[in-house]
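A short write-up of the structure that comes next.
By letter and in written order, the chains are A, B, C and D; residue numbering begins at 1 in each of them.
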Amino acid sequence: MDRPLEGVYPYLVSPVDPAGRVKEAVLARLVDHLVERGVHGLAPLGSTGEVAYLDWEQRRRIVQVVLEAARGRVPVVAGVESASTAAAVAQAQAFEAMGADGVVVILTSYFPLGEAQVAEHLRTVAAAVSCPVVLYANPRFTGVDLSLAVLERLAELPNVRYYKDATGDTGKLLTLVNRLGDRLRLFSASAHVPLFVFMLGGVGWMGGPACLIPEQSVRLYELARAGRWDEALALQRRLWALNAAFQRYSLAGCIKAGLEMQGFDVGGTLPPQPPLGPEARAEIAATLRDLGAL
Amino acid sequence: MDRPLEGVYPYLVSPVDPAGRVKEAVLARLVDHLVERGVHGLAPLGSTGEVAYLDWEQRRRIVQVVLEAARGRVPVVAGVESASTAAAVAQAQAFEAMGADGVVVILTSYFPLGEAQVAEHLRTVAAAVSCPVVLYANPRFTGVDLSLAVLERLAELPNVRYYKDATGDTGKLLTLVNRLGDRLRLFSASAHVPLFVFMLGGVGWMGGPACLIPEQSVRLYELARAGRWDEALALQRRLWALNAAFQRYSLAGCIKAGLEMQGFDVGGTLPPQPPLGPEARAEIAATLRDLGAL
Amino acid sequence: MDRPLEGVYPYLVSPVDPAGRVKEAVLARLVDHLVERGVHGLAPLGSTGEVAYLDWEQRRRIVQVVLEAARGRVPVVAGVESASTAAAVAQAQAFEAMGADGVVVILTSYFPLGEAQVAEHLRTVAAAVSCPVVLYANPRFTGVDLSLAVLERLAELPNVRYYKDATGDTGKLLTLVNRLGDRLRLFSASAHVPLFVFMLGGVGWMGGPACLIPEQSVRLYELARAGRWDEALALQRRLWALNAAFQRYSLAGCIKAGLEMQGFDVGGTLPPQPPLGPEARAEIAATLRDLGAL
Amino acid sequence: MDRPLEGVYPYLVSPVDPAGRVKEAVLARLVDHLVERGVHGLAPLGSTGEVAYLDWEQRRRIVQVVLEAARGRVPVVAGVESASTAAAVAQAQAFEAMGADGVVVILTSYFPLGEAQVAEHLRTVAAAVSCPVVLYANPRFTGVDLSLAVLERLAELPNVRYYKDATGDTGKLLTLVNRLGDRLRLFSASAHVPLFVFMLGGVGWMGGPACLIPEQSVRLYELARAGRWDEALALQRRLWALNAAFQRYSLAGCIKAGLEMQGFDVGGTLPPQPPLGPEARAEIAATLRDLGAL
């Protein structure tokens, strides 16, 4: 079934026009651009992709466009987002049938969930497909954390082989590597820890910034693979400036605005998220210029 | 356009079979039963209705069945739940076109929202329909609170006329009544404050327990309307026992289990919510018996 | 040992000059003034009394001055605040030896505490004195909540007879009254629920506002005791305006500023708490005037 | 005034007998032991030192004993913990007068504080002494975080030269180093990030575990100074096992128990903190043995 997932995977934005139609041409052009710049995979329908604001028809169309534009050159890992197990299973199976190389499971919550329910949801989704499954914890946005006990149980399933961490909890990552390092491969999802994740043996970095600075992100990955930690750290410190802007403003809004500056007419964020103001745009432009990305 | 909304509105559960089909006959029978027991309105697709776990086709079908079974005897107020403004508008317009007497807007969040965005979402949904709109705050489940400033701004729209509170923040309710009491009518959404809300001039109580104890809930409402506060309080204290069980276990699970005991084959909760265990069932059975509802 | 505690207990502010000396004369005069206005007891060293910002010598002196000024006309209930059990025991024993009629135990935390530790702290303090003990939950400030299980265990001690609630969790209060109503008497500590607490059979109201509006607070208590709920509610709604100001600014700062306006030179808040700005002062002045208290 | 602070500083436990007396002999012997094992400084009265549970007389005595036992061989940096600015100033001045080489300011809160108040507290304490001041953020225990704006303002004071981070917020650390790296030197306070902090140019590690494993902690520091990152990481992963135990049980309790096993009769934790159970003791013993520290 599979190529191993590793390296830099940009979280693709979701270009949608005001009438709700996916802007297919610009999305395809962005995919082509990123693959040519050396990214190792593509991750549509993540947080940066505003997945929680898209209906099923939009999600399906986006994955289709990305798969067609990627033409098998790199793996495509699609986001499966839902509070409902039935919906998550349906999404995952549809993406696998369309040819996705893996899925990232994003469990959101309405009523609070216990550990057993979180594990059962993930297990059910994983058992419904044969492609690799990336577990994902981002409790700040989803209200659901993945405990070590849950990760341990899930890691027993044959196709659950990756864990993407957006908590930045470096202590948990250490424990995870100490206990599950041979079974669950780590992806970093936050721009402040990729280096730390790489030092711990992590296999890659999935993130929004790589949409805007694909070559620099790949460079960081390569420096880390070569054990050139001092250079890698110096580069991460520079790249972090971009993320500092993302933290102050809306994540998807910043990346969409930066892509517009780079010539990709991806449009604005999906309401009720706020449009980006002029001050934020100026800061992003300055940072991109400073990084040689504009 | 409208009958004023007031009185007791049960939050209807959503009977769905394991294959995802709405159990239409049992839902229609439940509606008929509740209307005959004297409830003043019906509220499908709320928290108790597990709305966040239903896809659009299920939601649409549930509202249709409820409207048909109600046959205009009481108003039907349908829940509009989404993190996306476009989706919320589409839902609200569809429900109005189907004949709903009002909508409850339930704004969930993925990325955190500022006050301006919350207000803009609600304003856009309200402007898209002409039926009455019930604002709803339940930050524990949705991650979105409605500040007084937001409520004040929204209350200027002609069809925004109700506020249903599930925060239990009695201080905020006092301020609200002091400042907006003539423009925004209050519904209680929590079983521990209906009496307090009635004392403040509130017009009704929307809640899950009224599915199981419709007559007792109506009785509480009538005692409050008659200013018989001591009797009302004594009754509320008895009814609270039922809610104390709901707080310990899953809300929808408790009400569905109780309805099964009362002869309505509504099925279990939607995964990944947990099924109810035997201890919880025994406690609910005992409480219902104690309240003369079994 | 004792007079039952009931009625309106103002939380006394702690007048301290910039050099750290207790302003004894003004404190004694304030005590005299409040007793003459009809309050039923006095509560030095609570949240309003900025107890967490006072050293032991200041605390001891304040209780002494209050006891002497009260001259036995009303009970004095002193606050015992500490994260350490040994310190809390020492404080409670000292206050009892000085003649205090009871103590309010305020457990603050540094490291998080489990239920067993919270119960053990309270039990140890209660067992070290023979005067009545008022349990107190204000998790927003202290980081410690008192669960029903803890309250239930503590209520078995002979001198633990009161519970003062600052959570505003009306559901919890209902459960508490249903389960412990005959053993633990309720005081309200929040200005938005005294009426609700009185309806549930509560015996009194301890709060900061009664420093500024003692007669109006006593009037609310008397209306509630007489079952004149509609008048009581109308009055509570008016009094609430004062608390709405307290919520926006600093609690102790508002009450100290109001007392200064009323002619009590109590000084400002203790650093690092901020001094009150002119806008807040104007709002407090207007509210006090509106309530006939200036 | 000063030697630069750098390297490994164990947070000393506070040995106190059940009657509240400082166990001076064992504390002096522990200090001697740690200095002989190569630690670069000593930090009494931190979180590990249960500072929030000690009265002033105990705190004063502990610093005195540590200073006398250290005999100037390494710097001693004492913790200044209070919610009150006046108390913090008094503590800092007393410690400086006693000969402390620096102070760590631990601001706890009762009423929530705004940024301006936090800055004003720290500025006032720093201005009251001439010794170096270590800023410290541990919002989980103290309820107070230090924003970048506050750190930026404080770094302008001549004797505010260190920042010790216990948030583990690696993104904030990156921003801090990018913006204030030349003015504020970093200490790590958490066992999961010392390596990361060292990579960013941090000067040291203050922590509880170094009481139990001084030589291993110093070894980690030296590997990091030599840029031997792979070896350093391997060691940090091993040491982390000890901290994983601390996170599950009580921090001070674990370190005191481990010291007892190593022959230092430091006694148990201060109530209401729980004593350590046999399971936790067994786990600590096993981990210490595994690390060659028992």
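We take it that contacts are C-beta pairs under 8 Å (C-beta built on N, C-alpha and C of every residue); 3 or more make two chains touch, one makes a residue touch a chain.
All values derive from a computational prediction rather than experimental measurement.
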| item | value |
| --- | --- |
| Per Cα centroids, the chain farthest from chain D | B |
| Computed distance of Cα centres, chain D from chain A, in Å | 37 |
| Intercentroid distance (Cα basis), chain D paired with chain B, Å | 51 |
| Multi-chain contact residues (two or more partners), chain B | none |
| Overall pattern in which the protein chains touch one another (line/ring/star/complete/other) | ring |
| Footprint of chain B on chain C - complex, ascending | 168-171, 173-175, 177-178, 190-193, 195-196, 199-200, 227, 229-230, 233, 236-237, 240-241, 243-244, 247 |
| Complex contact set, residues of chain A against chain B | 20, 47, 50, 52-56, 83-87, 107-108, 110-111, 113-114, 116-118, 120-121, 124, 141-143, 250-252, 270-274 |
